[in-house]
Amino acid sequence: MENIDLGTNIGSLALKNPVMTASGTFGYGLEFADFVDLSRIGGIIVKGTTLEPRQGNAYPRMAETAQGMLNCVGLQNKGVDYFCEHIYPEVRKIDTAVLVNVSGNSPETYAECARRIAELEDIPAIELNISCPNVKQGGMAFGVTCEGAASVVKAVRAAYPKTLIVKLSPNVTSIADIARAVEAEGADAVSLINTLMGMAIDAEKRRPILSIGTGGLSGPAVKPVALRMVWQVYDAVKIPIVGLGGIMNATDAVEFMLAGATAVEIGTANFIDPAVTVKVVEGIADYLQRHGMTSVRELIGAAHLDR
Amino acid sequence: MENIDLGTNIGSLALKNPVMTASGTFGYGLEFADFVDLSRIGGIIVKGTTLEPRQGNAYPRMAETAQGMLNCVGLQNKGVDYFCEHIYPEVRKIDTAVLVNVSGNSPETYAECARRIAELEDIPAIELNISCPNVKQGGMAFGVTCEGAASVVKAVRAAYPKTLIVKLSPNVTSIADIARAVEAEGADAVSLINTLMGMAIDAEKRRPILSIGTGGLSGPAVKPVALRMVWQVYDAVKIPIVGLGGIMNATDAVEFMLAGATAVEIGTANFIDPAVTVKVVEGIADYLQRHGMTSVRELIGAAHLDR
Amino acid sequence: MDKMKKYILDLVVRHITQPRPGYVLLQLTDPERPLPAMLPGQFVEVRVDGSPTTFLRRPISINFVDREANELWLLVHAVGDGTRALAQLQEGAVVNIVAPLGNGFTLPTTTSERYLLVGGGVGTAPLLYMGQELLSRGCRPVFLLGARSAQDLLQLELFRAIGDVYVTTEDGSEGERGFVTQHSLWADVDATQQWRICTCGPKPMMVAVSRLAREKGLPCEASLENLMACGLGACLCCVEDTTEGHVCVCKEGPVFNVEKLKW
Amino acid sequence: MDKMKKYILDLVVRHITQPRPGYVLLQLTDPERPLPAMLPGQFVEVRVDGSPTTFLRRPISINFVDREANELWLLVHAVGDGTRALAQLQEGAVVNIVAPLGNGFTLPTTTSERYLLVGGGVGTAPLLYMGQELLSRGCRPVFLLGARSAQDLLQLELFRAIGDVYVTTEDGSEGERGFVTQHSLWADVDATQQWRICTCGPKPMMVAVSRLAREKGLPCEASLENLMACGLGACLCCVEDTTEGHVCVCKEGPVFNVEKLKW
């Protein structure tokens, strides 16, 4: 299928194909090297990184739900300096775009973390996480108001010159408004959706299952909500959209692109099939060939009648 | 299990058990009389009724999703007068609480519809639908802002003296704020969640599956979100909560009560098992007996450590 | 007719066979008691177990009811995950169904009425049971069955045992080449002999048949297959836009007099 | 040890038996090639097909590896929908697994080391493979197996074929009455003879065993069974709070020197 062009662009970031891995679901990529040829993945977004090390939340952090799962990891990571010193030298060797998901608890900490990652020449972009539902301070708090989102993006934009993707929270009344706000502050792209805030209760123990009570819902269960939001944001902003939320196969990925996504992220599916990413890449190529298309970019927003 | 008390109260409305049927999923109850003894159900909430007749949206109105379904029926109904003349004489004969789900497109139409139903002596309560995601005018528009919600509840409260339950939309940043707003206007209870706004796309046809593009997601897929919202609203208001969202069995129902619900509604599950309601009633009684409880009311909010 | 008592039944798979690749015939029985009354044109809602991607029941038309064997026949076209899961059922497996649902075709009041049953693809399924009921009422039916090609024709021998069978295939591999509406048989079908048309199949085919019937002034009933959830008239998802507005195909239908449809 | 190459394998169910009600032994084989290297204490992630309520893989410890028969044994306690679905697999069915995962128990460097393997309930499963590996290295293991009652003891004859077996049951129906930590055997277990303890089972039992080992100054390794999703150290859901902070049981474990645990 050499006649099929899978390349897609997020701002100035050129991806060999539209399939990336979602932060926190693919480790640093290296954990999956036994299962997939990492160089065949469009991009790897490594786990949420903060300025200071974080222990994350207490166990239990996970609950299985109907076609989905809840997690409340809470951004456990060893901090940006550890990443720069110990992880970066390894991941930079991976022959694909490696992005870092950046989180913080104030515009300043977000910006400082981004500034340090900007110095890493082989990290062409960051994904700004203003939507983590599992940390008290910061995280989702910024992502659920236009002002909060704008304040973080403004600070990071001033500190980070490369491609800036802002990951949006679905736990809002109008995700289109949030998307417009971050676009106005100079974000190069938005990615959506982060997890839906949910909860699981153990009926026998009569207590919440997760250590902090609530957690973030991911998996096929949330796909209809994610598709709807990508659809709405596509009509609201001009910057590219990275779509995610319950993608399990190539058909799901195609649906997100038809709704308006320029690229997609595969998250929870990596837990069920560690080799799913490359299968999705191949499946998208098959779809394009079957439909007589030559470029994956023809799919972007194609389900919108008015465009 | 004569020693088990399943009775529960929503304001001044006494239910023989906490299991009601969700509007739009159980018709007028009569459609299910072949499968269940309707008198064993705690309450039947008949389908959304408006002042004027409504044709609803065009076909297709439904899409199956992972452990859920999307619908965009759009409040099809023959109007409140038709209900009063032709349906009420039939449903009043059902030996359980029969409630009417009321919708409109302005505070005035909501209020007038409620006023006419107030005259029906055997309808002890209404559920105010300020959260239908499938009608352009009205519906969810009112349910996603505190002001909008308050305006409708205020108008209806003035026109309707019996038990007033307000059905809340989950498509908001803070459902707790909306709940407080409707409580402040005199609502006797809140029910949540209505459907999550979602979408399905046909990858082969490259078009949305539903006639109006988006629809409301229901079924087990949304249960974690619904539980979380009941949990949050329980901490925000003093009025009773009716919990719904993906309840398929007695364990699910118990979880909602543990999260803070005084009663529950069973919706989509009626489509998979038309006899599910009575099974849930029996299952709750079994649970109570197994745990040495004598009243279902002991479950309400019991998963909250702080109460 | 939707006043008929409905049941939730656990039936047992007595036989499962593959009349054609991609199609399975489920012969279900109730080991406990006689199957309830079911009319030709009615359908059942089948619960699909063990298919994670299938959430709702699957509406399937009644292919045949064998009273002697106490069997309900369902002809399933395995097109999606749900129907594929049904196609993999083993003999002896339990299948939960809700039945009977919907109305059904109008049955004859006199033996002088003549029925032309026009089906396409798997849409021919309910016409077998309808034909049997007609025969038992003294009206030997005429079947006009269309398919893409010979190997897409289903249960032909069973239809021939009940009435006269005419066939069209798009590739001419059996019967006359073309669509059912192009069959030479239509030349002899007119209002003078009290012909009634019943049709089930792809919508374009049913629309064409209904137009032809209208031209000839013949009463015509079509069985619709709108996407549905509950099958009981509760969810209002399967509506068809008719002269009386949006009505539930699962309750007011699936069989409609085409004059009521906006075709 | 987590540097061992991992594989996604489609294995075939050669035998499925029920050693006790509620438990099944899956004997899986790879018809194509030899099974990869796997260490005692490691586990596999099993994909559960056909269970709508099961979304994630199920982590299951390696019960035994039969190199001659090219078989991987998994002892499954059918407690939830996922494990119940696995318990219903038919011989010949394909089971998709990711393996090997995690680290494993520390193996002996000299034949003079003495291993006491203490297990409870289905937690005894990985000790069978560990015992076999010890025996093959010239260290005949001692097993101390606890259960609620005699009919909860699993694979006893297999353990007896590998080493000395001591049993405790809570009801005294077999072996000594009480918990494993109360067995008279402990009187002879001390640091003078280079005893090493490996334990797997309910957390309270493992905590008690580790305390006893600490009192006696014996090295002790425990195999944890935290709730996990990916099994690869990616999702960070299965963390245990250790002296080094939160670490993934699936990657740094499941076997930990108890000195690292905050027990």
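Note that the chains take the letters A, B, C and D in the order they are written out, and that residue 1 is the start of every chain.
As a convention for this text, contacts are C-beta pairs under 8 Å (C-beta built on N, C-alpha and C of every residue); 3 or more make two chains touch, one makes a residue touch a chain.
Given the structure is predicted, the values throughout are model-derived calculations rather than measurements.
Peer 1: Report back the single chain whose CA centre is most distant from the CA centre of chain C.
Peer 2: Centroid comparison gives D as the farthest chain from chain C.
Peer 1: Would you kindly tell me how far, in whole Å, the mean C-alpha position of chain C lies from that of chain B?
Peer 2: One centre to the other, that is 36 Å.
Peer 1: Using mean CA coordinates as chain centres, what's the chain A-chain C distance in Å?
Peer 2: Roughly 47 Å separates the two chain centres.
Peer 1: Please compute the C-alpha centroid of chain C, do the same for chain D, then give the distance between them in whole Å.
Peer 2: Taking the mean C-alpha position of each chain, the two centres sit 56 Å apart.
Peer 1: Residues of chain B that touch two or more other chains: which are they?
Peer 2: 65-68, 219-220
Peer 1: Can you list the residues of chain D that touch 2 or more other chains?
Peer 2: 52, 54-55
Peer 1: Taking chains as nodes and touches as edges, what kind of graph is this: line, ring, star, complete or other?
Peer 2: ring
Peer 1: Any two chains that touch count here, so list every such pair.
Peer 2: According to the stated criterion, the contacting chain pairs are A-B, A-D, B-C, C-D.
Peer 1: Under the touch definition given earlier, write down the residues of chain B that touch chain A in their complex.
Peer 2: Touching chain A from chain B are residues 63, 65-68, 70, 144-145, 171-173, 196-201, 203, 206-208, 213-214, 217, 219-225, 227-228, 231, 246, 251, 254-255, 258-259, 287, 302-303, 305.
Peer 1: Taking the touch rule as given, give the residues of chain A at its contact with chain D in the complex, in rising order.
Peer 2: Chain A reaches chain D through residues 24-27, 31-32, 34-35, 47, 55-56, 58-62, 64-69, 71, 73, 76, 219-220, 270-275.
Peer 1: For the complex, give me every residue of chain C touching chain B.
Peer 2: 5-8, 47, 52-57, 98, 226-241, 245-246, 251
Peer 1: Report the residues of chain C in contact with chain D in the complex, numbered from low to high.
Peer 2: Checking each residue of chain C against chain D gives 50-52, 54-55.
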